[in-house]
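In the part that follows, the structures are each spelled out as structure tokens.
Two complexes are shown next, each including chain A; its partner changes from chain B in the first to chain C in the second.
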Partner chain A sequence: MSSSWAVLEKDLRLLWRHRTGWLSALTFATISVLTYSFAFDLVTAEVKPLLPGVLWVTFLFAGTIACSRSFADEVEQGTFDALLLAPVPRTALYVGKVLANCVALLAVEVAVMLLATILFNVPLLTPALVLSVAVGTVGYVSLTTLLSTLGAHVRAREVLLPVLSLPLLVPLLIAGVRSTSAALDMPNGDAPWTLLLVVFAIWSILGSALLFPLAVER
Partner chain B sequence: MTAIEARSLTKQFSGVPVLDRVTFAVEDGAKIALIGANGAGKSTLLSVLSTLALASSGTFQVGDIEADGDTAALRRKIGVLAHSPMLYEELTPLENLRFFAKLYGVTDGAERAQVLLERVGLWRRRDEATHVLSRGMHQRLAIARALIHRPSVLLLDEPETGLDQDGLALLDEEVLRAPGMTVLAATHMLDRIEAWADGRITLVRGRVATAEGTGVRTAVLEAVQAAAPAAQAVTS
Partner chain C sequence: MTTITRPTANSGGMLGSLGRLIAKLYEWHWYVLPPVVGIAMMAMIVGAVVVAPREAVEGQVQRLMYIHVPSAIAAYMAFGVVFVCSLMVLWKRDMRYDAVARGAATVGVLFTALMLATGALWGRPIWGTFWAWDARLTSSLLLFLLYAAYLLARSLADELDEQAARYSAVYAIVAYLDVPIIQMSVRWWRTLHPQPIVMRLPGDQQLPTSMLLVLYAGMIGILLLTTWLIVLRSETERIGARATALRATLDRAEGN
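Presenting the complex of A and B:
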């Protein structure tokens, strides 16, 4: 666990110093939410039913922009090899990376939700909604972090990551949107969407943690 | 006591053998130069020995630890200086060393980082971002990184890269001639080998062609030594 903590600490420090990746994600997210706010008629129309889609599309692409750099920077600097040379379980390295990506993406998401609250005049920072977004983020980040490892050595990684991740993320997106709808007090059927979100997150974490050592083997 | 023992190590990329049944043993504390033309397999051999790449067949051991045994213990024994300095450019030299100290579980990481930065002449620049340092300073810092966990075996890939005369002297003193440490270093600087190496292994197209000097044994050398008494008996 101490090695995961060391990787988390190092990655957060690097994210703070080398802000390009996460600022790009934040800029994209801000422009996206602003554009949606211009597109909807906020005076007469009910925008609540549209918000889950707005939020999750924004989170999805902002996360893809940010996570694609997770291992690419390490590979480019040769530090990925240095991590693999360390006498620690590969899974511990993966956990550290996932935690760092989660912290950074959650920060972007909170900023987006705050902005959306102001623009759409709907309170979004409620405990139920924050829980849905947090669980969805954990599931999303754990999968995309694994996939970014696979694409880190490929020149076209920015294209490869969405192509690989989006089909696998369909259940998470459905559950995320539906569970967000429920958190906004809108009808969403009888299915336990939040439970599905939790199950997906657990599957994603466990599966990715098990596959990561194989993914980095040469 | 044997520090490194490779047994018929073979590595293929897409069916093309880059290492072909490489067999040798390096004695504890020996300084061995690994030489050969570009593409001879030196870097691949070091990658396999450092556990970064898996051998297609064959195996090796470092000290008494087999490659398929306790990998963490094996990695703890090895220090690696590769082509790339393997440093975080946005971190400072001190932060880099402290991070790797934590990763290797070095209990006196902060003190060790300070000692090493002083030894490689970077203590005064400890708080500057690594990307502002010159290529030679990167290499000095990479040497410190490789030594942070007090390895007993050092695997070096062209360690002289980017170093000036002072840097080369430092490399000799801290690494290549460091007492008690086993060194296997791939190099093209043949004129410097005499100054530090006990022996040398020459790779040609992925095979061990020759092994000379002390501290190293190869299948070729052992075959020659085994054949010598027999040949003497025949001629007498």
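Presenting the complex of A and C:
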């Protein structure tokens, strides 16, 4: 347990010292929301129905940017091999990275939701919405972090990660958009979308925690 | 025949003799599979074009069913092979399974593309549109994208890179396990495509017998074709990997 904590502490410190990853994700998310607001403003005055889609597409792309280099720096510096040699369960290495990425992305998402509240004049920081966004974040961050391990080994990883992760994340995208619509009092069908988000989050974190040690084994 | 089934001291019981039977059968695939696949495919084409009756409402275009439905089943079968072989890559650490997984993924993507293409051609006159965001269509398209991404990842990495093979195996497993969740989500999202009409109880059968027989012939034909293609692709991948390894050895030798 203390070793897992040490790993998490290491990852949070790395997150703070290595700000380029999540800062570029934040910059991208801001520009993305601004671009959407320019684009839709010309088309329709009623932007509220478009908001859930705008938010979730921005989150997923920002997540891809923030997670893509999760392990790349450690692999390049050679510290990843040292971590694998350390007497720490490998699942802990993964969980530490996922938690650090979650912290970074939740910060980005809160910033995006604040910005969208101002730009689209719709109050977004409600408990129901924050809950669905938080659960969704755990879902996509855990899967994208697992897939980013692959990136450290191939050429053209910046292109490869979204190509790999986005088809897998389609259920999460649909469920996220629908549950966000529900939180904004819009018609969303009668399926239990938040439950699907929870199921996806549990599935992806359990599956990834089981598969990560197998993937990095030498 | 007796030499295959006869138990010997080091056979390891039932499983060992079964394994040797499979190995023996595999040795013969080059002689057995091509003619059998050829005959089955000819039977399928003749059945679909000549034997099967014209559908009363949809007309001739309905004959696409005899290739559309078997392609879907073949794709699922190929992806099942990818899943099993990916598990074996992680478990046994044997790159031969990786070659089979890559071969099966290529064949699966091919048949998914065939299914989507025939579905679009069939949908145009019947539904009035090539494409609709229906649950089944969406999940098939996602299946295509998932395994196309797998092939892309696999082709970007070095084919001898065992680490990349392990990562790709992890991706293939995650992708396969994601399929039920995708199907559930898109079913809730939109649901035009007819429900399955083949896999039903005998008393509840909706297709007339002549059509059903041709469809079964098509399934057998396409399943055999799938097997043959997977075997060919896997062997190609394996020979390709060996050639790369040899070239690397040669380069090292010349460097010294």
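A few points about this structure:
Basically, the second predicted complex is superposed on the first by the 215 of 218 C-alpha atoms of A that agree within 3 Å, B and C clash if a C-alpha of one lies under 4 Å from a C-alpha of the other, contacts with A are read in each partner's own complex, and residues count from 1 in each chain.
Basically, a contact is a pair of C-beta atoms (placed from the backbone, for glycine too) under 8 Å apart; a residue touches a chain by one contact, two chains touch by 3 or more.
What you see is a predicted model; the values in this text were computed from it and never measured.
In the superposed pair of complexes, A:150 makes contact with chain C only, with no contact to chain B.
Shared-chain residue A:77: touches chain B; no touch with chain C. When the two complexes are overlaid on their common chain A, residue A:35 makes contact with neither chain B nor chain C. Applying the stated contact rule after C-alpha superposition, one finds that A:85 touches chain B and leaves chain C untouched. In the superposed model, A:217 lies in contact with both chain B and chain C. In the superposition on chain A, A:6 contacts chain B only, with no contact to chain C.
Taking chain A as the reference, the larger set of touched residues comes from C, when chain B and chain C are compared. Shared-chain residue A:168: touches chain C; no touch with chain B.
Judged by the touch definition given at the top, the superposed model places A:14 against chain B, while chain C stays out of reach. In the superposition on chain A, the residues of chain A contacting both chain B and chain C are 217-218.
For chain B in complex with chain A, the residues that touch the partner chain are 47, 50-54, 71-76, 78, 80, 82-91, 95, 99-100, 102-105, 129, 145.
Across the complex, chain A is touched by residues 90, 142, 145-146, 149-150, 152-153, 156-157, 161, 163-164, 166-168, 170-171, 173-175, 177-178, 181-182, 184-186, 188-189 of chain C. Touching chain B in their complex are the following residues of chain A: 2-3, 6-7, 9-10, 13-14, 17-18, 77-79, 81-89, 217-218.
Chain A makes touch with chain C in their complex at residues 143, 146-147, 149-150, 153-156, 160, 163-164, 167-168, 170-171, 174-175, 178, 189, 191, 193, 196, 199-200, 203, 207-208, 211-212, 214-215, 217-218.
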